[in-house]
Structure formats: C-alpha cells, structure tokens
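Labels for the chains are A, B, C, D and E, by order of writing; each one numbers its residues from 1.
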Amino acid sequence: MATEQGTFEKDGDAEIKRGPLERWVSTVIKNPKRAYRAMFYVATVFFLITTLFPFYWLLVLSLTPNELISNMGLLPKGFNPGVFVTMFERVPFHLYMFNSFVLGLSTTIIVLLLASLAGYVFGRLRFPGRSLLMLAILAISYFPPAAFFLPLFQLFTGGTSIVLGPITVSSPDLFNTPAPMVLPFSALFMPLSIFILTTFYGQIPDGLEDAARVEGTTRLGALFRVIIPLSAPGVATAGVLTFISVYNEFFFSFLMNNGEASSWAPIVAGILKYQGQFDTPYNLMAAASIVGVLPVAILVIIAQERIVSGLTAGALKE
Amino acid sequence: MESLTETQFAYFLLAPALLILLVIALYPLIQTFGYSLYADQLTGSARLGQFVGLQNYIDLFTGARDFALPSAFLPTFTTSFPFVTGIYSSALMVTLIFTFVSVLFETLLGFVQALVLDQDFRGRRWVRVAIIIPWAVPIVIQGMIWYLMFQPNIGFLVGSADDPAFLNLLGLSYTPLRNTADSLFLIIVGDVWKTTAFMALLILAGLQSIDRSLYDVAKVSGATKWQQFKMITFPLILPTVLVAMLFRTIGAMRVYGIIETMAGCTTVPSLSCLVVTTFNNSMYATSATVAFVTAGLIGIVVSVYISKFADAEGGF
Amino acid sequence: MGEVTLEDVTKRYDDVTAVEDMDLEIRDGEFVCLVGPSGCGKSTTMEMIAGLTMPTEGQVFIGGREVTNLPPKDRGVAMVFQNIALFPHMDVYDNISFGLRLRKYDKEEIDRRVERASDIVQLEGMLDRMPDEMSGGQRQRVAIARAIVRNPEVFLMDEPLANLDAKLRVHMRTELQRLHKELDTTIVYVTHDQAEAMTMSDRIAVIDSGQLQQIDPPLTCYNEPENLFVAGFIGSPAMNFVDGRLTETGFTGDKVEVDFDPDVVDASVGDDVTLGIRPEDVYTLNDATSLANPTKQIDAVTDVLEPMGDEIFVYLLLSEDAEVSLDEEARGAMSDQLLMSVDPDSDITEDEDVTVVLDRTKVHLFDTETGQALMHGLAPTTTASTDSSTPAESDD
Amino acid sequence: MGEVTLEDVTKRYDDVTAVEDMDLEIRDGEFVCLVGPSGCGKSTTMEMIAGLTMPTEGQVFIGGREVTNLPPKDRGVAMVFQNIALFPHMDVYDNISFGLRLRKYDKEEIDRRVERASDIVQLEGMLDRMPDEMSGGQRQRVAIARAIVRNPEVFLMDEPLANLDAKLRVHMRTELQRLHKELDTTIVYVTHDQAEAMTMSDRIAVIDSGQLQQIDPPLTCYNEPENLFVAGFIGSPAMNFVDGRLTETGFTGDKVEVDFDPDVVDASVGDDVTLGIRPEDVYTLNDATSLANPTKQIDAVTDVLEPMGDEIFVYLLLSEDAEVSLDEEARGAMSDQLLMSVDPDSDITEDEDVTVVLDRTKVHLFDTETGQALMHGLAPTTTASTDSSTPAESDD
Amino acid sequence: ISSSGGNGNGDGGGGGSDDTETGTAIDTEEVTEDITIQIAGDSRMSDNIDGIRDILHNEGGLADNISIDIIAGSQVTNNRQNQYQQWLGSGREEPTLLLMDSGWTIPFIARNQIQNLSQTLPSDMVSTVEEEYFQASVGTAQGENGDLYAIPMFPDFPTMQYRKDLLRNAGYGDSDFEKWATESMSWEQFSKITKEAMEANSDIQYGFTFQASAYEGLSCCDFNEFMTSYGGAYFGNPEENLFGPIGDRPITVDEQQVIDSIKMVRTLLNGEDDEHALDGITGNIAPEAVLQWTEEPSRKPFTGGDAIMHRNWPYSININGAEDAFGEDLGVMPIPYGIPAEEAEYPMTGGPVAALGGWHMAMNPSAPDRKKQAAVQVLRAFMQPEAALANFGLQGWIPPRPELLDSDRAAEVDVIGRYLPQLKVAGENAIPRPVTVVWPQQSSQIASAVNAAYAGEKAPQQAMSDLKSTLEQIEQSQ
C-alpha cells in the first residue's frame, strides 16, 4: 500500500504538466485513479480555501488600522503590522494564553485519565448497569452550562457547607483559581471523551490484551501499555477535542474568575478586554485571535502524529 | 483488585469518573432542578423565592412565560408545536432547523475532509492543521469574523441596494444579521465552517484505526475503491461516526455562543438562548425550567437517534 | 510446582459448549500435547489454564493452588498464542522483553535473555524490526521468544510452530525440548503436527468436541487407542477401518476376515465391530515374507498411488465395483478400501491386482456403536498359542 | 489464461531484499507449491502476483498480460492470506460471500456457492458466527472458503492449512485438488508441510533468501535436488550430509567412504565434496539383505531413538568421541552423525553398536563450496553386477 | 450538602437578600492602617490606573494609606452585569466598589444587593449628589424609597455629529453651526438639511447614520430619543412612572407620538412614499444598514468620511474630532426634536432629548467594614470637583455636575472640550431608560418590536399595540 501511495504522490506533480483537457478526460476514463486524484486535489483545494479564508480575513482586519476598517475589500487598507505589538501592550495577552493553555492541559489530562478508565470499562467489560450508566453520562451533555452554574459557583466560592453532626465544613473559596474552571470543564467535556474512547478501546482485539495479561500485566497495565497506545488516534483526538473545547469555553471561563490574567482568566476574557465601552478595536481583536489560535495549531501539529497511525497491522493472525 | 469480579472491577474503575460527574454535574443539576420549582419574579402574585411546584413548567408550556423570553423575531416562526406554544416553540423550531442542517452538512463535509486527510501526500500535516484550526477559534472571534463579514459597510459580503454584493444577488438581504432567516442561514454556515473539523478529526481517527490488511483482502477480492469504502471503511468507522454525530447533535441543540456573537439571541432565538437570556436577567427559576425542558427535548431526540442506530453502534 | 489440574471444567459460550466436563491432570514438569480436530476446544482449555477465560463450571489448579479466579499474571504461566498477538506498536526487542520489563529486570539481564531467546528462534539481527515488517514465520518466532524469555512454572503453547518450515520446526522442537529439560517446567502444547506430538510429548491428550478422549504416552495412543476416534485421529495417514461383525471365527467383513477366538473380546458374537489397521501394517504378499503373523489374504486392486518420497501410499479397492473416490477421508471409513504404505522402491503400479495381508499383531478391534476399543493386536495365530505375547489377554 | 510469470522480479524493503531477481514461470492450470525457509520471500512473491506489493524491479504477467501496475481487482486472483484477515465486522456468511457480493451475483447463486464452499471446509451451520467466536482453525477455513467461492484465474494460497489438524488437512488437500481439476485454475500455494507439497503440486518451487533454487516436479526435487539447499530442505527428516573429498577411489570422508570413478562427476579429484543420503536409505546390515547396491560398511553407535509410530528415527554416532547432541539440525550437518529410519518393529536399542550401509543408488554428491549437485545415485557397483547378495563384497 | 451563605441564589434563584444588611451605617472615620480597595472597573480605568491614583490622592485628597486596585471587568455590559450578579449574589467580600452601568443599577438596588448609601454615607455626600448632580443620572441610582445607592461617576449623552465641510458645500456656514450648537432643530429641518447636503456631496454615500439593531441600545437610547422627542413615552409621565411602580402605570407605547416617531424613522429609511411615511420629513437619507448597526459599525462610515450626520455617544466625538480625523470640521449639535417641549403632553418629553447613559459607583454590602470605611474615602475623593474635572481630561468621564461643564478646566480638555455647550444641552434634556427589575425583559421585546417596525415587517400601529400588550404582560407577570 505504501508503494501505491508513493506513486500517487509522484504522479501528482507530473499531472500538472499534462496536456489539454480532453486528453486528460480520456485518460481518466481509462485510468480511474486519475479521477480519484483529481477529485482529491479539487477537494483539498476547496477545503483549504474555505477553512483558511476567514483567517485571511482576520489577517486583513488586523493589518488594517482600526479607523480604516469600513468598506473592506479583500486586501488590507493600509499595512499596520505593529498591531501585533500593540495587542500585547494593551492587554497582557500572553498571560491569558498561558492561562488557557494550563487550563486546557490540566483538563485534558484529567479527562483523558478518567475517561480512559471509563472507556475501558464501557468498551471492554460487560456488566449490569452498563447501558444505563452510559445513558446517564450522556444525559449530562444535554444541559446547557448555565444549568450547572449557580450551585457550582456557590460550591467553589465557599458558599456550600456540609453539616457533619456538630461540625459544619464550608467548601473552600476557589474563586480566581483554576479549580472552578478545570473541574466543571472536566465534568462537562468528559462524556464526549468517554464515548470516543469507548468505541476505540472496544475495537482493540482481545488477543492483544490477553497477551499482555499473560505476560504479567494487570488489566489496567494492559490498558496503559497496549490498549491506549494502540488507540492512539482515538486518544489523541479525544485530547485535542477536549483541549479545544476548553479553549472555546466562555461561560465558566467568564464567571469563575474576575477576568484578570492574574486570576487565571483564559483567552476569551483576554480578547474581550480589548473591547471598550463602545469602541471595538477590531484590528487588535483580530490580531489577538490569530495569535491566540497558535497554541492550538501547535498542539494539533504535535497530536496529529498520534492521530495518524494505523498500528494494528501485523499484530494478529486471525 | 484483580480478584474483583468483572462487575466490581468495572465499578471500581468507573468510580473516579462517576465521582467527579456526581459532584460537578449531578449535584448542581439537582440543585438547579430545585430552583425551577420556585418563583423568580420580583413582581406579580408569586414573589421571588416562593415555592410554586411545577408552575414554571406549566407556564412555559402554556406560553404564560413568553414575556420573560426574548421574542421570536419572525412571527411566522411562532407557529405552535403540539406540546409547546409561543416563543418556546419558535425557539424549538429554530433549534431543530439549525441542528438538522448543520449536523447534516458537518457530517458530510467532515467525512470528505477525513478521507482527504487520510491520504498520504506531501504537505499533509499542514493541510490537516488548516482543516482543524477553525475549530480552535474561540467563539467570540468566530462571531466577530462573521459579524464583520456581513456587516453592511464593513464586510464585503453584503452591499447595499445601490451596490449589491455577490451574495445579495443570490437572495441575501442587505441586513442579513437582523433577519432571522438570513441569520440562521449564516449561523449555520459559520457553524459548519467551525465545527466540521470536529467531525473530520473524529472520523479521521476512526479511519486510522482500521487494520490495513483488511484492505488487502478486499482488493484481492476485487473491491473497487468505492466498494472498499462501502463494505470495509464505512462499517468499521460507523461507531465513531455515530459518536461524533451524537455529540454534534447534542451540541447543536444547545447552540448559543455563535448565535449571540453573530446575530444576537433576539434575532435567532435558540433554546439555549432562552436559558442564557433568562439566566442573565437573573430569572434563575425560569432559566432552570427552560434548561430542564430543553434537556428533556434533547433526550427525546437522542433516544430516537440511539434507537435508530443502536444495532449499528452495538455500544448501548 | 507446575502441576496443572482441571477439575470438571466446562466452558459454554452462548450456544456452544467449547469444553465439557474436562478432567485433566498434568504432572509437574510434564510435556503434554493437546491434540484434536479443529474447534474441539484446545485453545479454550489453554485459555482457561492461563486465566484468560473463566470456566463456566469447574476449577483450575496450578501447582496445587486453586487459581480459578486468579488473574493471569498471578498464575505463573507464559503462553504462545495461536493468533500470535504481537504488540504492533513495539519492535521485536520490546515485544520479547515485555514480560521482563514488567517485572523490572535490570537492563543487562533483559538484554542477555532477549539475546538468548532470539538466538534460539533464530531472529538475531531483527530485534529492531516492527511486527508489520516481518514474515509470518518470523512473527511466530517472536511470539515464541516472548514466551521463552521468561521462567514460568507452566508454558502454554498453542500451535507455536504452525507457520514454520519443516527444518526450522525440527530445530525449534529440539530447542523446546532442551528448554523443557533445562527449566523443568510443565509444558502444555497444542499441535496439529503428528510428528511433533509423537516426539516431544510425555503424554498426548486427545480431545474431541470438548471432551477428553484419552491421555497417554504417544506410543500408547498410537498402539492402543482407547476408541475409534483416537485411533482414527492419531497417525497420518489415518488408520484403515473396516466394518464387519463379530462371528464365531473372529471378524467377518465384506472382504476382510480375520479369525480369532471371539471370547477374548468383551462383546457378543453378532455385534457390529470395526476392524482397524494402519497403512504400514498392510503388506503385499511379496513383502509379507518377513511377517510372522499375517492374516488371511485379501484380494484387491490398486487405485491411486501417492509417492511421498520416503514411502508410497497405495489406495486399494477391495471390491471391483467400488467407485474411484478421491476423498481420502471417505476412503478411510469405507469398508471396501484400504490404504497401504509401501517402500518407495516398490514396483507397484496403478490398477494392478494385488493380494495383501495384514499384520495380525497390529490389528485393532472396536465396538462400532460405542467406538470403544475391544482389542489391540491379535495373538499370533492360534497355532502359535504357546507364544508368550498374547496381547488379547491384557486387553480383556 | 492463468499463466503467471515473474520476470526478473526484485522486491526490496528499506534494508531487506525480500525477493531477488526472481524468474518464475507458472503454466496455466498448474499447481505450484512455493516452499522455503521462514522469511525467504514466499509471501512477498504471492503479494506481488496479487498486486498488493509493487515489485521494486521486474515485471509480472498473468495470462500473458502485463499486470505489474494493475490493481489487484483487475488481476483475476483470489488469495488466502497467511494472516487470515477475516473482516471482523462480518459474520461467516458475509465474509465468504464478500467477493461475490462485490460482483453483484444474485442471491441464490451466492447462497449456493457459499453453501458449497462452507461444505468443503466443513463449516456448515457456522455461517452466522462472527470471526471472534471461532477457533483458529475455523477462521482459517473461513479464509479458504472466502477464496474458493470465486472462480479466479489464479488462486494464491499462503499456508492455507497451517492451523488445521492432520485429518482435516488431508481432507482439504483432496478438496483443493478436486477444485483444481474442476476449475482448471492455476494455483500457487505456500506450505511448510512436505506431504502437502509432495502430494498436491505439479511442481515445487524452492526458494531461499529470496532466490529461486529449483522448480521441478516433487519427486525430481526429492530425488535430484539441484543443490545442497534443496537437498537439505526437501524431505523430512532431512537428508544426511557427510563432508569429505573427492579421491581417486570416489568419496572419502572421515568415517564414510563410497567408491566410484571420480571421472563421472564434474569435479576434480581433491575437491571438497559433500555426500548426501536420506535417512530411509541408510540400512542396518540386517535389513540390507534386500539391498542390491550397498556401500561399504560403516561402524556406528546408536544414540537417541525417536519412535514415530510408523517408523523409528535412529541417530547414529560415527565416531566414538562424538558428543551426544540434541540439536538435530547440527547433527544433520555434521560428518560424524547419521540419521537412519528403521521399521517400528525393529529391535534396535540405544547405545548399541551397529553396522550400517547406504544404498549406493540413492547417494547424492554435492560440491561443498558451491553447493551444486554433482551426481544423484551411483551406478550399481561394477564388480557386483552378477552377484547381488553380498553387500560386503561389493564394498571394496 | 446544603447551600447557605451568600444572598441565596439557591432558594429559588436570585437575590432575596434579607440576611445581608445593606442599610447599616458605617463608621465614616478615616481608616489609618494601609488598606487597598478593589474596584471593579473597566479596561479604560485599569489602563489609566496610575493617573486615577494621582487624581484621587492629589485632586481628591485621598489619604496615602488608602490605595486602589482595579479589576478591568468586561466591557460587554451584559457580561459585566452577570459577573456582578454572581459576586454580589453569593456575598463575596471583594470587590469593595463596583462601577455600574446606570442602565442596570436599579435591579441591583431592587434585589438589595448594593449598599444603601443614604443610610451609610455622611449626609453631606448624599445631599451633594442629590442636589448638584445631573438629575436624570441620580434617578437611576436611587431606590424606590428614594434612597441613594450609588454615586454617579459620569453621565453619557448622545449628540448629533456632522461634517461642517460637507454642509458648507450645501450652503450652510459658521453662523448656522453656531446656532445649531445649542438650539436644537426639528427632525423636519434636519432631514431637509441632510438631504441637501447629500445632493451637494454626491460622492458621499450616507446621509444620516444611527443605531437601530435589535439590541438594548435601541430600546434604551435611539428609539427612546426619537420617541421622546416626539413627546412619547413608555409609561406615560416619565417624571412619575419611569422607575415604577411596575404593573401600576400606564403603558403608552401605542400613542400617536410614538407611532409618529416610528414613521419618521421609516421615512428617513425608505423615503416619503413609504406607506407609513411621516409628513414633512424628507426621506431616503439613512441606509437600511442602520437596522443592523450598533455604535461602532454605524460610526465606521462616518469616521471613514462616508456619512454626513451621525448620532452617537461622546466617545466618538473624541475620535471624529481628533486632528487626524475631521478636527474642527466636526460639528456637534443636540439631537433634533419632533415637537418642542412645550407642546409635549408629558414632562421631560419633546425638545432635543438625549438618552441617558453613564456609570455609577456602588458599594459591595458584604465588604468588611474596614474596607467600606476606606471606600467611603475613595468615593469622596472621586466626588471632588477637581478630581471629576481631572478625570474628564484623563478618561473622558463627563463631569457629573452640570456646573462643572462650564468651568475653564473642562473647556481645556482636548477635542471634547470644544463641544461642552452641546453636551450641556443634552445633559439637561437627558431621558433615562425606564429601568426597573423587569426592564431587561421589556427592553428586548421593545428592541425586537421597534426593529421590526422600522424594517417594515409590521405596520407601526400594529407593532406598537402588540408591544403594548407584551409589556403589559411583563408588568403584570404572574
């Protein structure tokens, strides 16, 4: 297969030099591979344009001085790269990015860990109550975040107390710390990861887990040494999706801190910080958005190595 | 630990996840449900804090609570559903249209994107990043992008009567973001732009997990590319696709952020818009009521969905 | 130490009983081969010993300790899986050293052992290959190496040599035997290769449809099969069976008669019985000169000849009207066909009339209905009754 | 129609040459077995014929048409994969009918064919099982059935019977042969089972390290191996090799001497040569009575005895100081050991002094350096043409 | 697990706060130890934190042991309101002072979530506010009982900006501009002048840009202004009914004056031949785009030189009047009137009205007493006239006392200092939004209804009578 893809690639360049349309059409009819290739390129270019165009538009906006943003065309009016400096002068945007990154990462770690265990259970074990539990977990995602907010806000700001006989314990005040964001994120984004991992873990052949167990791992050991590595695409995807969800979240992100970078406010707060009472510096916000998306781009670049790995080949004879 | 029975072992492993869900999700939900049983008006007969039982729910269904919700923009959308009336039904309508259309297109496009990304070609990693990156754009920004593109006199995608832009010629009004139909359309486009990556990413992961030797067998058996897709690829990634669609459907039915940032909840009131608007107006009981009814509706949609695909998924 | 005992073990899947009421005692340090037709429950038995499958009923003991509910890692077993089951994300070195790394052996020890194991399976220099870069046989060897680097109490090997060529197989056979001697571990071994089962094992356990048929030393199974199933299963090519009846004069079939005193067998005259004779115990009259105790002569026509290099299989038709059938299995079971093995130098040809005799001392008799063996090897002809070797005696 | 031709085909992976410069012509309707040690390139060759792997160099023809760049589906081949590779999401019926459904056969035709194929592989009644609910052998049979439901021009079968028990294997062998006759398709078959290769194939292609060593009818390969590799590879147990030199009197080894006119071989006196003799051509003096052309007597001590049921393998030590080695492979290659196969009735015991002779007509001679065969079977001794009964005589 | 503490978000959602005392007097002695007061402000404040500190200590006379810290809350006013709601609702101690939009201070007062300053501040401070501040502003910081709950920091009044250079092309001159600065013109006149200017400057795209998107800004401000300038009102007499009593006041959105104002806007948008055109108004001077515009999008074309007239808040005067923008060519006048005040049925209506915006400073009742004590000093410092003027210069905070607009120091402020007379007129004619606890709901209904009526989706009469019944329902809720 590798070879086939190899030729695919090579021929790709030759294709461009080829002659007129008709000749191409006739070769396509003879050799449908060409048609696939053509479709492939058309699709790729189409997707690239549609997904990247809004970013280009953001770049146009950011490079145009804010006062000139009106009647925009496809090119920036003016050229103001200094905006990428100004944005850091106006708001400590890097700190917000850092906060988002930390929040995203810690949530992702918690979610992957707990969802892995749950995914293993749901994907590979049969036990009473399984379907019911899965449905219950799924049901959590039916609710808008607002439905969770008030009780959690009280819980995390010390407003909830547990009465244990004579002693009353108040919940700690965690406002302006990462905890009241990370914990709700973990709970709210976990169902998706549980479901993703359930499907992926469920597909790993039993034989491999068996082999690991006979070699001396516990079932959990087999999970971490064999099943998770083999489900790398699924795990990486669940991770990326969770991380990005945190990056995107704006409800808890907003209300569980006072909006200051020093209070762990994430990137959303940072971007809104640029906004004045009435005036909106679109150029700064656009610049901030471009910069703000970078960590995710880097994460995706890193994670994609894992997302792409057809690893099951060669494992089993069956 | 290893000597636990399978059931004990299962619950043992589930414990941490269940614990966090219990405290962070279930406990607040119960509390919130409690709120929905109290009045939240500072005026009127039942005053703030008074226990009213299920009255809030009854009011929601009878339309007696419409005043508290953002109005339905287009009167044509206020047509009643059999079981809900007034603004709620209009929001339900908007939400269902949004959900159906956006999930449909996201699935289709996501599928194609995943297939493209599954190929081995030079520069694949960059194409992959490009395709995934819209999903990483914070909603605020995405709203801003779209808002500005469709803002008369700023964006180039709308013009004026004297100087119509391309999309206007196709029927888009000159003030698309104040018009429910146009806004809904643009919001769907925006959501598809952003969220297709979610689908693509998941489906791609599914594709990557398929044992490649099965394709060898299929090829030798005489399968064309399409047949390989239909008989091997598709059934094997179906569980993943279903999970992706399931969560997209749920997500779409809770759509709020993109609406608020692009067109505003007054223009395109979705179910979650009702929840958040009332929440922001400190009408916590109404908000809770709407949230629970909404969750119930999502539950209905999801169970239809699950029962349809239960066999294919094999998971539930 | 390494005794393995199954007590009344049954394993049922939804509608299939894979293993039924199995009682199996394997002694410490013993080398036992499980043989039986495809799907008879060998792998399932192994998995229950390993702890990968829980028996539906019954108990499993290893080293005298009940382990029925113990996880695999606490059972002290190593296993070569029928489906190989390499970890596809690890290279050969990592696959082989997996169990050692789990046990936190130090680096040198691991290196030493991996080297030794990969030497044994002749995979030196391939330690950094990934499983998908190897041939089927090479993968299987990795799987073997993964098991033998460890020092478990019990080795479970499920067709470990299936994908290896004859030469390598012979080599591996020796190596496994050497290992067995060295480590003095118990080995439970599944194989479809008769030669393997015969040469390696202390005892062979023959299983059919989830039930244990016989467990005995190889030659006992070969020479004194307890029932028709074992008789037909052990030995390749299979034993010839001829249907007939027990008469006053002994065995009477359509074309084949063997005379003996019917009293020596535990059956009544008139019962349906089946006579069994292995191909190598069928002789042409020419070759039979050296035969001390031939049976009555049987007339036959040669049908197909299968030259095997070191011998030739000759298919004999007993009745002229018998159809030529290519189905060897059917042949074996039919009463009017016999398979004979002759020397490769023999000048026998196809469609030749031959007269053959059987070696009386190698004739087996079974109850056709129950399949139970009635007798193995007839005493030398009655005239020679003074002879000491009357196997019939021992059989009653 | 179904001729398969490889022309100068080479397949290189990053640092491994799996197949090197292979020229292979398989005639239409021929049944060819590929044999060779594990990792020699058999599967790779099959994959290149199927179109799953592109040759690094060279061309592939099927039915006279160049197919080197054609996708598998247009090559008209069906394949049984060494790794079985059932579709995990389809039940047995769907797995078997996969190729037919692709071609949109109508329902009845598919049912008919699936039934027939599952009959052949004895999987009736399992059609609605999923692959993970079956035993190893059952899965393999599904894989076979999946290939044989179709009517391709070429069947490629990569160790299709590796996981089946002896009986089933014999049955499948016959079925495959019947199929071969019926459909008249070309079959390329990989097996490690000598009996399979010997009985089924029209020709055997022996491959070593990616290079074709010999392609000839089975008995030719057995009796006239072209080189040391083929001689040692074909036949189980393997041929005995004795190192020595070509002298004026013939072959002179440490313990073994065989005299003949050195001129009859294409080598010069003094060259290193290797003598090959198969275990069944080694006789004890007792048994040698019938031997027309024995060689000089060889004194030996029996070492290990391996009773196989239908024969006994006797390991002979030629020199008294030879160490007892359990490594059979090493034994075969060593000059002071011989493997002999004797009748199971033989009363030979371990550690017994015996005198053995070889069958002159079965002696092979090879150039030690190049491995090329110099001679297969010596002419009967010149002097003994009249007197055949005294082997000792003929020995000087 | 039980929920307790805070102001009981838990019991039925939201803010019954009987257990927090917001009305106790606090010690107004000066604190002596070092103390830092946290103020929830906005990003403009936090950007200018050093300047503000200087002002408080120098101009405001704040003791050195008291320092301030600023949290820059979100500038998206809804978000900020929501944050405050959570903080105050759960009884957090920080921040001590909160900058509150005059548009939503009253709901906090109604929920008892901010300190009653009448009871706690020294009476001189309270009376200063009540007597010397812009009355309209003070009204939005008072409870139903008339007590003061927050100190207005700065008011905000929209004005009409125009391009003198373009109007000159249409034949108008400095004398006109001077007159317009304080003497408001009628909408008839305004539309005619605009039209003339459009004709005289054919390359200019828009005549008049304003904000009519369906958002709070429409109901609170643009529509409110148009309506009021025609003598209309939401709830009858604004002097009596603006801030309640809810459910016990007339709803008057379907009165003819209100309808007229809608017709006026429709004429501006669609021309005189619109089905619901208002006689006397010259049509076709405003683009349809206003229906989707909020402040910034509507300002862009004006700042970009594409419009002649523009209604907006003072912040945009600073932008448009900057030297690199239009400088002296920027003209500012009060919002035009529909009918003169004398002809209007209700007091506070008619004439050149301006919607009232602006922000107040409120105190967190849960703050520790020491902090409250210090906070009083901070408030006092902010209130010092010199401090207010300095803040005008620093942050553009329009001084909350009308008299200060006449001061020389105010006039020295860059750009906006040139337009103080206009602002003063606007301030004197300011009309607050009728903010009550039900206002948020009413506001969104009003915005949708008015936007729909402007867009021609509903006839003005129909739209307003529908709106009336909806508002009625909200008033009478339950």
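As a convention for this text, a residue touches a chain if its C-beta (ideal position, glycine included) is under 8 Å from a C-beta of that chain, and two chains touch if they have at least 3 such contacts.
Because the structure is a prediction, the values reported are computed rather than measured.
Which contact partners do chain A and chain D have in common?
Intersection of chain A and chain D contact lists gives B, C.
Of all the chains, which has the CA centre nearest the overall CA centre?
A
Where the centre means the average of the CA atoms, what chain is farthest from chain D?
So the chain farthest away from chain D turns out to be E.
Between which chains do we find the greatest number of C-beta pairs in contact?
Counting C-beta pairs in contact for each chain pair, the top pair is A-B.
I'd like the Å distance between the centres of chain A and chain B, where a centre is the mean of that chain's Cα atoms.
For chain A versus chain B, the centre distance works out to 16 Å.
In whole angstrom, what separates the CA-based centres of chain A and chain C?
Chain centroid spacing, chain A to chain C, equals 57 Å.
Per the centroid of Cα atoms for each chain, what is the distance between chain B and chain C, given in Å?
62
Need the CA-centroid distance for the pair chain A / chain E, whole Å please.
It comes to 41 Å between the two C-alpha centres.
Where in chain A do residues touch two or more other chains at once?
Residues 1, 69-71, 150-151, 205, 218-219, 272, 312-314, 316-318 of chain A each touch two or more of the other chains.
Among the residues of chain E, which are close enough to touch at least two other chains?
1, 3, 9-10, 13, 82, 300-301, 306
Quick one: which residues in chain D touch 2 or more of the other chains?
Correct list: 52, 82-83, 85, 88, 136.
So in the complex, the part of chain E that touches chain B is made up of which residues?
1, 3, 8-16, 78, 81-82, 85, 89, 107, 110-111, 205, 213-215, 246-247, 287-289, 291-293, 297, 300-301, 306, 437-438, 440-441, 444-445, 447-449, 451-452, 455, 457, 470, 473-478
For the complex, which residues does chain C have touching chain D?
Contact set of chain C toward chain D: 13, 16, 35-39, 42-44, 82-83, 133-138, 140-141, 158-159, 162-171, 173-174, 177-178, 192-195, 198-199, 218-219, 222-223, 232-238, 278-280, 306-311, 326-329, 341, 344.
Spell out the residues on chain A that touch chain C in their complex, using ranges where they run on.
Residue list for chain A touching chain C: 205, 207-208, 210-219, 221, 225-226, 229-230, 232, 311-318.
Per the contact definition, I'd like the list of chain D residues that touch chain B in the complex.
Within the complex, chain D touches chain B at residues 47, 50-52, 71-73, 77-79, 81, 83, 85, 87-89, 98-99, 101-103, 146, 150, 156.
What residues of chain E sit close enough to touch chain A in their complex?
1-6, 9-10, 13, 40, 42-44, 47, 71-77, 79, 82-83, 86, 90-92, 95, 295-296, 300-301, 303-304, 306, 312-313, 315-316, 319, 325
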